[in-house]
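Both complexes below contain chain A, partnered by chain B and then by chain C.
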Partner chain A sequence: MKLAALVVLVGCGAGAITPSQTTALPAHQTRMIDTTPKERRRMVSPEVYLRAYLTWFGGLVPLDVQNRARPKGLFDAWDDYLSALGLPDYKTDLPRQTQSNTLMLATLGRLGEALCARAAEHDLHGGKTPLDQRVVFAFDLDGADSDETFMDRFDVLHRTFLGYPAKLAPGERVTKFHALWTDVAARHAKAKNPLTADETAWVAVCTALVQHPEAELY
Partner chain B sequence: MQRRTFLQLVGAGSAALAARPLFAATQKAPADQFFIFVHASGGWDVTLWADPRNEKKGLVDPASTENTDLAPLSHWKSTKLEGDVETFTILEAGALRFGPGIGDLIDLHDRLTVVNGLAMNTVSHPDGTAFSCTGRHLAGGRSPASSIDVAITNELGTAQLLPDVAIGFPSAYIGDHLDRRAIPLRIANAGVMAKSLARSDAYLKDDDRAAITALLAEESHDLAGRSVFPETFERLASQEESLPHLLGNELKAAFTPQALQAAYPQFDYKVKNIGGGILGAAFAVEAMKRNLIRTIGFSLGGLDTHNQNYKQQAHTQQELFGTISTLVKLLDATPHPTRNGHKLADSTHILVFSDFCRTPQINLSGGRDHYPNNSVLVISPRFVSGKTFGKTDFEQVLPADAGLNFSDGARPIAPPDLLATFLSAFAIEPRKYLRDGEVVKAMLR
Partner chain C sequence: MRSFRVLLLAGLAGFALTARDTRANLAVADYRYFRALSIDLAGRPPTRAELADFERADFDLDAWIESHLTGDAYAERLRRIYLDALRLEIGPSFQYVPNPVMLRRQQITGPDGAPMFVYFRRGQRRVDPARDGDFCLTQDETGQQFPTNAPPTGTAKPIAQAVLDERTVVVKPWWLYADYRETTPTDVVAPEWVKRFPGFVPAPALLMEPDGKTKATSVRVCREEAQTAETGAVYVSGRVAAKKGEPLPGGRLTQPPGDSGFAKTAKGRAVSCLSGTGFSSSVECGCGIGLERCLPNAGPQNEAPAFVMPARTPLGEDMPFEANPQAPAAWIRMWWGEEASKFLDALFIEDRDFREVLTSRATKVNGPLAQFYRYLAGASCCGPGADVGYSQPEPLFDPAAVPEALTPEDTATWLPVADRGPHASGILTMPVFLTKYGSRRARAHVLYNAFLCKDFVADSVKLSPSNDPDLMKRPGCSSCHQTLEPMAAYFTRVQESDWTWLPATVFPMSNPKCANGKGGGLCKQIYDPAFDKLRGAYGSPVHAEQGPAGLANDLIAAPEFAPCVVENVAQSLLGRTLAPEDDAWKLQLVKVFVDGGYRMKSLVRAIVKSPRYRAGNDRR
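== the complex of A and B ==
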């Protein structure tokens, strides 16, 4: 009896199920994504630019920036620059400016230079500030100067101000900035300066990056 | 002559005539002229200067000893109004008639062109200001057209280092068809210019800054070459390229408020009512003398007298026109930077306008409110001077038919007409910048 039941079970067992062959789905219409820009680049609004400045240089409030930047004639007061920076000035009924102009660039340059010089004093001069407490120049100036060491240091600033690695920058940007660094360092080699020649050269690189077209436009 | 040849000649002649623009330039646009635009902000009382009223007629409450502080006025001559109240005597100067607000400028009456009865169609400060300098009313709070200074800079001034400086002046740069160098440098006061250009030598030197701006200009050109829309990068590049010239030490020193006041002590910098705009006039002379600018606009304010402050309206006007008078005299004495033997005044064209004018009646607060009429002052060798154009009705001081045979019939002059005439005086095609407006040839020499 048991044997008969076993024979019936084996006889009725289901066959192995095998998957059907996979074939590619039939092709549909292909549409390319148009990634070209549809609008020309514009100046970032002055508020955004100023906020970026304050963040880059240690999350300061405007009055702290003013106090920090003022010594040695680096800066005056925000009130002096509101209209030149493009901000609306309600005291004089001046509306927001929608285009850049030479004076605006001069003002942004003055501000950038002031903050870069102060940041270099804090971060680089004397070499006592730990790397994790530096606001902009998060690298050491120890060791010989070479293309590689410049590239590594420049990359830190490039990522900070322009938001992407320097090696992805178009053109010969690294070479051009290295030439600027070398030029300024040579000029200040024997000059009396609150900073060393190398540090002053990094101030120049920082000042250029903070006003770079890629930082001012979006 | 064969019939076919004759018809061909006639056809070619007609085509040439048809192709000729309506406002054909009759002479080459000058490249060594300077332009000063003054915004008398707040809305002036025209009955106190260009369109004087000293009788109680219709709506008109004239300025009188009851509503005006006479003490500081140099050109008020009293005449009886009613009872013990006195009003002013109208000042006759050639064909022109002025109220006491004109002050010392009356001495230059033979160089003044006055336009009265401008149809403003607005009593809003921003709208009146925009209409006066762009010829268009605001649309959604924004100016839909470029202002007169931008138009002139675009035609005649792009080669200058500072083509268009607007010191608290309501300049507007609108549209894609203009040269980027015509973008006005808008600043709140003349002192800002020196502060923005000032640099400390403690860290970087001028050579370092020149290297930085050269690098940034190169980067801008490089990015423009890779961009689908290169215009913005190109604009930045041209601005970076002009920066080293601005950052020169000599320029920075010349434009500090102290340096300007020392160089031009003729201006009264301590006047009470028109604000700090006078420094803009000194800046204008210095910048023209150095051939840095083509157009400059600045504002002189304090004319919005709704309340008891109306007592100072005539005094404020006296300060305003006194400043203009000093400015013209300085231009008379200053050599032109590029034309030997010529003075700046020979090539400088001044347009003074306000938002609108003030009501002919005095309100319950002792002041005058906004009113949709206006007057304008032009001082230019290209304009017929010593004459008034346009008029208002006697009892309401509202714009009346100017009697100028406009193509659309009898009507008052409007700001677009004046701006079109101003552009036309320098062989600039008005339709390129103005939607409306008709050239008033009678105003031009």
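== the complex of A and C ==
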């Protein structure tokens, strides 16, 4: 027994493995690490949104926009919307809202709809407004409907609200918007007043673009 | 066929021109960068025409950026950063209704039986005890009693013409006549004033006679209020207050004012009619020429309508949203806020040293502000200070520095004032700051936060009961107040919720008459019995003597000042808080900012051209 224990001890104690010297692994490829903190896009501030909105409405002052947009219940009064847009109220120490909320999105939707419907009445309906005097829909509705003509017209709105050409838009945006246009036009096929089917379809496209996340963020 | 060929050629030429002159390789990121620049520097997304320019081969983005580092939109973008931090607008919670300034009106029945308005000041001194400090017509004369801040009660009777002529006069006031200072004013309020004085719209109630049909071309005002003297002699009535239960003279509802200690000691001495002391102690002080020292109210109450003005102006006062008649207090508060905005805008547009936000003695004023600083600001002075001879206010804004060209209606003309006076110091001595942050500690706190990017966070110590008045020593308080009290002490000589300066020549740091809690109103209001010093000075008597300008110098000399500016601006433009990974970049920006003479243009340029701005908000 004693002998067996001695054999075990000798066997374990001898020939200890020492760790090798640490060396860096050879590089395969050098890549730059981007340590810039990444965040989601910023919200367009309400002041910028308001100024853009007034510009899209043809450079009107706020009270004129209100007067023009109000008929048929499309718009109430600016006072009903200003706080919902996230504006700070320094008088009451209400801070600027830096995140969106459902009320804000509903407000943006309502404002967008008012803008697009009124702009279509001004720009498209009756076809009397010269092209250079159109505030949003700076294109003619003459000619046959095709993917190409839709793309050209859609590009005008895409640039207006999102700031870049439609051809650079991701995925199938153009196709989807064309489908929206076709669907709305078909559902309003018999409509003539206040807008024709085509005009109503463009209002739908415009309304969707003006409240697109890319329009509200940057 | 020929025309088709022409069209084809023209089209080809157009295509060739387009292909040569546009940049075909622009990516979405390029457009997004340009849109971000446009939003931040031009104040709106790019238009289609601007996008077309951007796509041109010869478009120079650096030149575009450079050309947009100035102008209203650029200034508004930067102003927003500091207004978000300082919130320099005053709401209705700060009531500005000083009796010397507010001209109220009562409706009585005229000699012909028709209703008529008579303007008056509450508290106006008059010799007759039946009318002293009250409306200038009595119950005997009108059939009515005139409760404080409320419409008259009782059955009105026509006033005798002789009484009316004796007690009142007809004036062509400043809110109806732009040339009210002329001997015979003729420039009466008219529709074309909308263009000349945009934003100046008297409430309809001020423009009409009581019948609601006749345009007001003048106002009838109590005789004492119509006085124009610069100074008045201190008046002592010598009256003995009526005993309880005794009828009050002339059917009045309140006791006539008694003689103050100041009046008794300074009888006959000349006092400024621009000061509250003059108003409350002289029967010779009125509202001045054209009632320019007073603001009209279309009623007897505190907040009667006076001017039609927007409730909110997110795009500036020249781009108003809905407007409605509001009280004169709202009118004044709005212009206090606009002064700070215009002051900040000038710093950014002229690319001045940003440290001037705290140190500059310059400002900009328009008509309403000129009227306020010339004629109204002194009205809150001097309270119990009069007892120690302080009846001529030593202003934060020297009225002599106000440009003479500005009339009260002139809202659109903003003129620079190079030097407001020796006590002025950036936004620190503007009424909007001093009333928004009424207490000395609130003033110090917001500056500590906005300009050093630091806040007061309480220690997690066990609180033990203490009655030590020194908050720099009291357990649980000391961790914050050791810093806060010395900072707050810089505002010792500016009265709380006001702009009245307390000069050292009149108010020494310690007053033996007030030692150990002795003395009356002055000692209780101005001096702190716990420390036998001016209130608020105990944290640092040295700071108290330096005034707000001393705090401004301390703040801009602090090592945190420049990094704080960088942090505020960078965070706002990036739309996120700076992270530890940004530290090296932040240091670079601080160097750019400081080396650039603390001017915003160099800082903003460095930020918007950085990869962080260009791509930092693209988490995909």
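Simple rule for what comes next: the second predicted complex is superposed on the first by the 172 of 218 C-alpha atoms of A that agree within 3 Å, B and C clash if a C-alpha of one lies under 4 Å from a C-alpha of the other, contacts with A are read in each partner's own complex, and residues count from 1 in each chain.
Please note the rule applied: contacts are C-beta pairs under 8 Å (C-beta built on N, C-alpha and C of every residue); 3 or more make two chains touch, one makes a residue touch a chain.
Remember, predicted model here, so these are calculated numbers, not experimental data.
In the superposition on chain A, A:Gly171 makes contact with chain B only, not with chain C. In the superposition on chain A, A:Ala138 contacts chain C only, with no contact to chain B. In the superposition on chain A, contact of A:Pro62 is made with chain C only, not with chain B. Looking at the shared chain after the overlay, A:Asn101 reaches chain B, while chain C stays out of its contact range.
In the superposition on chain A, A:Thr149 contacts neither chain B nor chain C.
By the touch criterion defined above, A:Thr207 lies against chain B but remains apart from chain C after alignment on the C-alpha atoms of chain A.
In the overlay built on the shared chain, the residue A:Thr129 is in contact with neither chain B nor chain C. Applying the stated contact rule after C-alpha superposition, one finds that A:Thr196 touches neither chain B nor chain C.
When the shared chain is aligned, chain B comes close enough to touch A:Leu74, but chain C does not.
Greater residue coverage of chain A by touch, when chain B is weighed against chain C, goes to B.
Judged by the document's definition of touching, chain A residues 36-37, 39-43, 82, 89, 91-93, 98, 170 lie at the interface with chain B and also at the interface with chain C. In the complex of the two chains, the chain B residues touching chain A come out as 41, 125-126, 162, 168, 173, 180, 183-189, 191-193, 195-200, 202-205, 207-209, 211-213, 215-216, 218-220, 222-223, 226-229, 231-233, 235-236, 239-240, 242-243, 246-247, 299. Of all residues in chain A, those touching chain C in their complex are 35-48, 50-52, 55, 61-63, 66, 77-79, 82, 87-93, 95-96, 98, 138, 156, 159-161, 163-165, 168, 170, 218. The part of chain C that touches chain A in the complex is made up of residues 27-28, 31-32, 34-36, 38-39, 43-48, 51, 76, 80, 83-84, 87-92, 311-312, 314-315, 319-322, 337, 574-576, 579, 581-582, 611-612, 615-619.
Per the touch definition, chain A reaches chain B in the complex via residues 36-37, 39-43, 72-74, 76, 80-84, 89, 91-94, 97-103, 105-107, 109-110, 113-114, 117, 120, 170-171, 173, 176-177, 180, 183-184, 187, 191, 193-195, 200, 203-204, 207-208, 211-214, 216-217.
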